[in-house]
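In order of appearance the chains are A, B, C, D, E, F, G and H, and numbering begins at 1 in each one.
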Amino acid sequence: MKLKQNQKLLFIGDSITDCERVKPEGEGLFNALGKGYVSYIDGLLQAVYPELGIRVVNKGISGNTVRDLKNRWQEDVLEQKPDWLVIMIGINDVWRQFDTPFIKEGHVYLDEYGDTLRKLVTETKAHVNDIVLMTPFYIENNEQDHMRNMMDQYGLVVKAVAEETNCLFVNTQEAFQVVLKELYPAALAWDRVHPSAAGHMVLTRAFLKAIDFDWNQH
Amino acid sequence: MKLKQNQKLLFIGDSITDCERVKPEGEGLFNALGKGYVSYIDGLLQAVYPELGIRVVNKGISGNTVRDLKNRWQEDVLEQKPDWLVIMIGINDVWRQFDTPFIKEGHVYLDEYGDTLRKLVTETKAHVNDIVLMTPFYIENNEQDHMRNMMDQYGLVVKAVAEETNCLFVNTQEAFQVVLKELYPAALAWDRVHPSAAGHMVLTRAFLKAIDFDWNQH
Amino acid sequence: MKLKQNQKLLFIGDSITDCERVKPEGEGLFNALGKGYVSYIDGLLQAVYPELGIRVVNKGISGNTVRDLKNRWQEDVLEQKPDWLVIMIGINDVWRQFDTPFIKEGHVYLDEYGDTLRKLVTETKAHVNDIVLMTPFYIENNEQDHMRNMMDQYGLVVKAVAEETNCLFVNTQEAFQVVLKELYPAALAWDRVHPSAAGHMVLTRAFLKAIDFDWNQH
Amino acid sequence: MKLKQNQKLLFIGDSITDCERVKPEGEGLFNALGKGYVSYIDGLLQAVYPELGIRVVNKGISGNTVRDLKNRWQEDVLEQKPDWLVIMIGINDVWRQFDTPFIKEGHVYLDEYGDTLRKLVTETKAHVNDIVLMTPFYIENNEQDHMRNMMDQYGLVVKAVAEETNCLFVNTQEAFQVVLKELYPAALAWDRVHPSAAGHMVLTRAFLKAIDFDWNQH
Amino acid sequence: MKLKQNQKLLFIGDSITDCERVKPEGEGLFNALGKGYVSYIDGLLQAVYPELGIRVVNKGISGNTVRDLKNRWQEDVLEQKPDWLVIMIGINDVWRQFDTPFIKEGHVYLDEYGDTLRKLVTETKAHVNDIVLMTPFYIENNEQDHMRNMMDQYGLVVKAVAEETNCLFVNTQEAFQVVLKELYPAALAWDRVHPSAAGHMVLTRAFLKAIDFDWNQH
Amino acid sequence: MKLKQNQKLLFIGDSITDCERVKPEGEGLFNALGKGYVSYIDGLLQAVYPELGIRVVNKGISGNTVRDLKNRWQEDVLEQKPDWLVIMIGINDVWRQFDTPFIKEGHVYLDEYGDTLRKLVTETKAHVNDIVLMTPFYIENNEQDHMRNMMDQYGLVVKAVAEETNCLFVNTQEAFQVVLKELYPAALAWDRVHPSAAGHMVLTRAFLKAIDFDWNQH
Amino acid sequence: MKLKQNQKLLFIGDSITDCERVKPEGEGLFNALGKGYVSYIDGLLQAVYPELGIRVVNKGISGNTVRDLKNRWQEDVLEQKPDWLVIMIGINDVWRQFDTPFIKEGHVYLDEYGDTLRKLVTETKAHVNDIVLMTPFYIENNEQDHMRNMMDQYGLVVKAVAEETNCLFVNTQEAFQVVLKELYPAALAWDRVHPSAAGHMVLTRAFLKAIDFDWNQH
Amino acid sequence: MKLKQNQKLLFIGDSITDCERVKPEGEGLFNALGKGYVSYIDGLLQAVYPELGIRVVNKGISGNTVRDLKNRWQEDVLEQKPDWLVIMIGINDVWRQFDTPFIKEGHVYLDEYGDTLRKLVTETKAHVNDIVLMTPFYIENNEQDHMRNMMDQYGLVVKAVAEETNCLFVNTQEAFQVVLKELYPAALAWDRVHPSAAGHMVLTRAFLKAIDFDWNQH
């Protein structure tokens, strides 16, 4: 298990991370962590490693792109002084190019995406214990699908940044593919983006594997 | 893994099981399984064993005692024809004796509890593949606490019934005790009964261990 | 223009037809026809052919399959005594096989779909002026996509029934394909099923062409 | 078709234009364009000319007169940098003289109306590709009706401004008259102002004819 | 003053009478009489003739035609045993012919209107002290307007029935015409049917004059 | 009739005047004048003297004392430039001394009441055509009742100010007494302060008599 | 203390008793006893005599007269099998004669009141341990006030019935008079009927004195 | 009785004091004092000592610790100029250490608690007649329970401060223990913190005893 006693673990991202978390805090009782994978991870960390006393904070905001993360980075990441930082961003950066193709100022193209992500990670790396970079994903089997194809390219950028900066890397698309061999996308997400409980469990397990969480301890 | 291809797994119980599930169906899309351990189990089964195609149904109803289960057994269990049946009942049977001590017709004492549970299990055993009996629990460390003490006795009855009828048995109280060594009850449940996400993960893991679920498969 | 003076035109179908229509009437003032293609068609008929006095009735109900139509056929079609009947059904018949694959009693397979549709059309044909059969559709470009592929098969059944029974036929999938050459599915429908205004205009135009509506009259 | 590839088409006006559009943006998914003629026009442009990629923006605000447009012109028109601008204003300028005759500061008389409209059009003409001027209207057959009569005079001013400034002109009153020969005003609008779906289709068709939209293309 | 000590005065009609009255009673405290002319009349009777102790009951129901009155006559009129009965009906009988011209089963034509009204009045006359017949009205100045013209014919039928049966008669259209000489219809009713406070005062005064109410008593 | 062509009549006061009027305007369509005596007066002025074109404005605010009026006098009276001003204030000045006797900073005693009212009237008299001063009232028959007794003293101050400044005077308490001879207070107001429709008609008639309104004109 | 170990104490009455209790049960957790004197009495009994285990049930229903109690006596009193019964009724029996004087079928006059109350008490006396009769009250100092005067007469009837049947008697009017010497009615109840917390404490103390409750025990 | 004529009694604390009081005032009619012990005390003071005219103010705010009290002390205590001040604080100071153990900045440890409380009391003592210090409490019988044990230590600090500063002292934990001998915690508070009516009566009686309130006066 990579997390150590009393560390603070902060997640930042878009609606997949947000999931109706309490704002602005993003931590505390009564579903303050939302209903998605962040809450599941927090629940499993407390249930399986209660002795570690890991503090989980959710700073996801629906609709965010990497450009939005940049604008709130100082307040929502640096000032929070996390020990571990988890970033999953990029779905809206891609999606807006497909669902509102004519509103171009809402699109974040690959160059801006990569540059911004790299800059945020680089300038934060020294202040935290470690950073986990999770790829964006698209719950679609067909790799030739235009949006899936572009999402894969954004995922490759995440992978590249993780390697350059020596961060932990989680390939969420790959994790979903295991399930998509058996289930049609509509069974996991009504819009191929916002996952059901099963989809959030896919994310949960992908993250926990990356930090060497042991389901069978105790 | 004890569950087989295309089996139907039905949970019945009280508010811990219910967790705002959709009524009357208790299955389907859009959080139809509620927000608690049943939804977590369903999510993990689909995420980790998508090839099995397990169908999960939630028939929990808030406030129920074993007496209420008896009254809706025909409709909510037998007519559903599940392959696997999971029963977690008894918290309200005990709780009403403590929170409304003067309203005695709402109390279900140990004898009635045991007799009713045994009867339901016995008459159903032949119609299903298997039954999992989960004890009721009370998120309180002090074994001398009156309500904890009584809950433990109800748990012993569940264990006895499981042994007599050769059902799978899950000791939820024991599962909670691992966490209660580290965390005060208020961190897991505001009223020592209704668990947080962490508490539902405790239940989830306890159940999944009983059916030989393998977190690391795939 | 195929519709004649004072004829009654009744639409029956699922949520695409329903679109928040007023129930049970499905006609009248104040958005009684809902917000979708039925309302658009009614608006265009009144705007362009006010002298015809066409009466439009919407009997769509969200979530319906052809099995549900059969159950309410007497009340919602035959007793309404329409002059023209328009049927667009089948999306849920297919969708349930993909989004809730384990709940098999909700699936309507191709045989039942075709038999039921043929029977309803056959027994109604004599009581109305004419019937328009519109295919179900799936807003997805990839013909190898499993759900698109199955939807196409259901569409072929509709076409066959139309030919056998000599009904007017509208290929809605084909109509969508013209737009899908230019726009990604997410721009037309968040779930590839429930269309935006543009999608409803595609349906509107496909239907109106079938009845020889002339946009340029007056 | 007068609109060209990737042009931005901005509508400004009163409640007829507004129709519950999302504010302040007036564009995007999920009915951001409202429920009226702007949404219909956007739907038809995407459905029939998807290859053009026309971007439609709705800046209507309920209750506005030309005086209100002047006050928000910089922000809601000039800064939006549209390629095409469509203005339909004047109904409230007239209506307030009839429904609240004693509150005179709410009335915008013909001189102010004409001067303001002319000034707005003149100073904007150079910054856009073209401007479409739509007359206000009153859904009343009787030309001697006081309010209809005054509305016709405001319409003549719009026509004059269009001619002076060489803008496209749409006579909405004339378009409604075709339908009013057949239908009583109450069938088109409960208050002779806010149209039903049929009334919005009248506006839609009148506008689309002015820009040489071809219903039958594709 | 025609009303005598302790008499019960019952109003029946459509939405003009209803005005959000409490149902089913239509009398009592806290705006049980609604917000329209019935409430005004009750207020003035109590304010000016408190010594009479007149009991006012409102049995108006929105959307009613004379056909609806017939269906609830036994329960809402005869069983109430009023001393005075006031009937104002016919607006919807006419309006439906104009706002939903194609839904013909909702139209109540002149013959049915007259026959039904005459029958209700005739069979009730003997059981009450007296009946007041108020004409329906349409807040439109132009007598050639189709709907105004038809409403006048229905009013003539009311007058005829009043004369045949020797009932008190109130010409509400005539009462409105005094005000319509000065004010445009939109100042009195947004849809030419549902009056503002001023319109309800017109009805109030017209009724009170008919029963010889003296504003200046006390 | 004392009011002349096109005059503006402004009412200011407490909750009896307010009656859910629209804020901040206090005039316009759709019940902007509230549901009380101001709306009734406006309705009767339009119904009986439509040719005068009187503009009525309601600036009552619930809970106000004369101290509150002073604070908003510039904005809500002087800047409105009314031709006629009607003031009815004082009920809360007295009531707070009885219902919350221990919260003394909320009490406005007789001296402050009289001085403030006199000052407001004096400094406004020259800017308006005329001022009507209406006494506060208490719907209680027993003159020895402590609160009734004090209210009478506040009423005497209003009368004195009216005489000193030569304003029109309306004795609302006296007007209520006529009705209170016949009806118990609970029939007119649940709390002896907020009147039913009958009570508002008492106020309406008392005011209209003071300005020589003629019920029988036309 | 007159109440003994484990006795059941049932209150029946009108809105003063009801106070938003949970229906139909009228007992249990989460304010099931409402917010008035019944809840206060229950709270004090548990707080001061927890060893007695008194079970309190609230069967008050807003608006009830003694005639309504008679209609639900079997279900709400006899079938509940209380040990102690407390009845406080009569306020609405009197009030309706004053606030809706013309609706005479809602009035319960003194004879019917006395006869009904006597009959209910007499037929119930043998089935319970004891009955407490509480007078209705009116929070008004002036004994000559018509409604206060009549309420006093109803109170005398209650006293007479208590004496005849040998029940415990509580004079609530007398209890309020102690406070009314110091506070004006409006400080205790906005409508002289529905008491503030202070008023409910008056009722609480009057009842508890009658059963020899000792504030200072423990 | 320690309270004297016309004194102002101010309560400050956390949610136990707050109980949905009206903010910001915390006094006045219509449940402005909330639904808890402050309202009960106010009711009893008015009911039993109406001649004293005690003014009660509630300044409790849910979730507050002593650190929060310090931040609003100037505005909510000193500027209110109370004659008597009652402080009950500390539950959240302790609770946060148990229910959110990892969010350490929300914990107020014993030293800070004692120092802050002492400072607030010391600097306020001279400005008021007297101060009553009430201990925080935890409705749990087991003195070895970690949270009960810590709460007892905070209570000892309150006692020490009361002795040092010569304030009145109320041991609420001791008061609850009398009841807890008979009733299980769940009967008094669902979370061992927020009391039922019975629990609030325990607090009420404990406070009133400290100020020599005499239940039997009058």
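Keep in mind that, in the parts below, a contact is a pair of C-beta atoms (placed from the backbone, for glycine too) under 8 Å apart; a residue touches a chain by one contact, two chains touch by 3 or more.
What you see is a predicted model, and the numbers here were worked out from it, not measured in a lab.
Asker: According to the touch definition, list the chains common to the neighbour sets of chain C and chain F.
Answerer: D, E
Asker: For chain B versus chain C, what separation do you get between their C-alpha means, in angstrom?
Answerer: 45
Asker: Counting in whole Å, what is the centre-to-centre distance of chain E and chain F, each centre being its mean C-alpha position?
Answerer: 32
Asker: Report the inter-chain centroid distance for chain E and chain H in whole angstrom, where each centroid is the mean of the CA atoms.
Answerer: The separation of the two C-alpha centroids amounts to 62 Å.
Asker: So what's the Cα centroid distance for chain C and chain G, whole Å?
Answerer: 64
Asker: Touching at least two other chains at once: which residues of chain H meet that condition?
Answerer: Those would be 29, 53, 99-101, 183, 187, 190.
Asker: Can you name every pair of chains that touch?
Answerer: All chain pairs meeting the touch criterion are A-B, A-C, A-D, A-H, B-C, B-G, B-H, C-D, C-E, D-E, D-F, E-F, E-G, F-G, F-H, G-H.
Asker: Applying the document's contact rule, which stretches of chain A touch chain C when the two form their complex?
Answerer: Going through chain A, the ones touching chain C are 95, 98-101, 142, 144-147, 183-184, 186-187, 190-191.
Asker: Quick one: in the complex, what on chain E touches chain F?
Answerer: Residues of chain E touching chain F: 29, 31, 33, 35, 39-40, 42-44, 46-48, 50-51, 53, 178-179, 181-183, 187-188, 190, 196-202, 205, 215-216, 218.
Asker: What does chain H use to touch chain F in their complex?
Answerer: Interface residues on the chain H side: 6, 8, 27-29, 53-55.
Asker: What does chain E use to touch chain C in their complex?
Answerer: The touching residues are 99-103.
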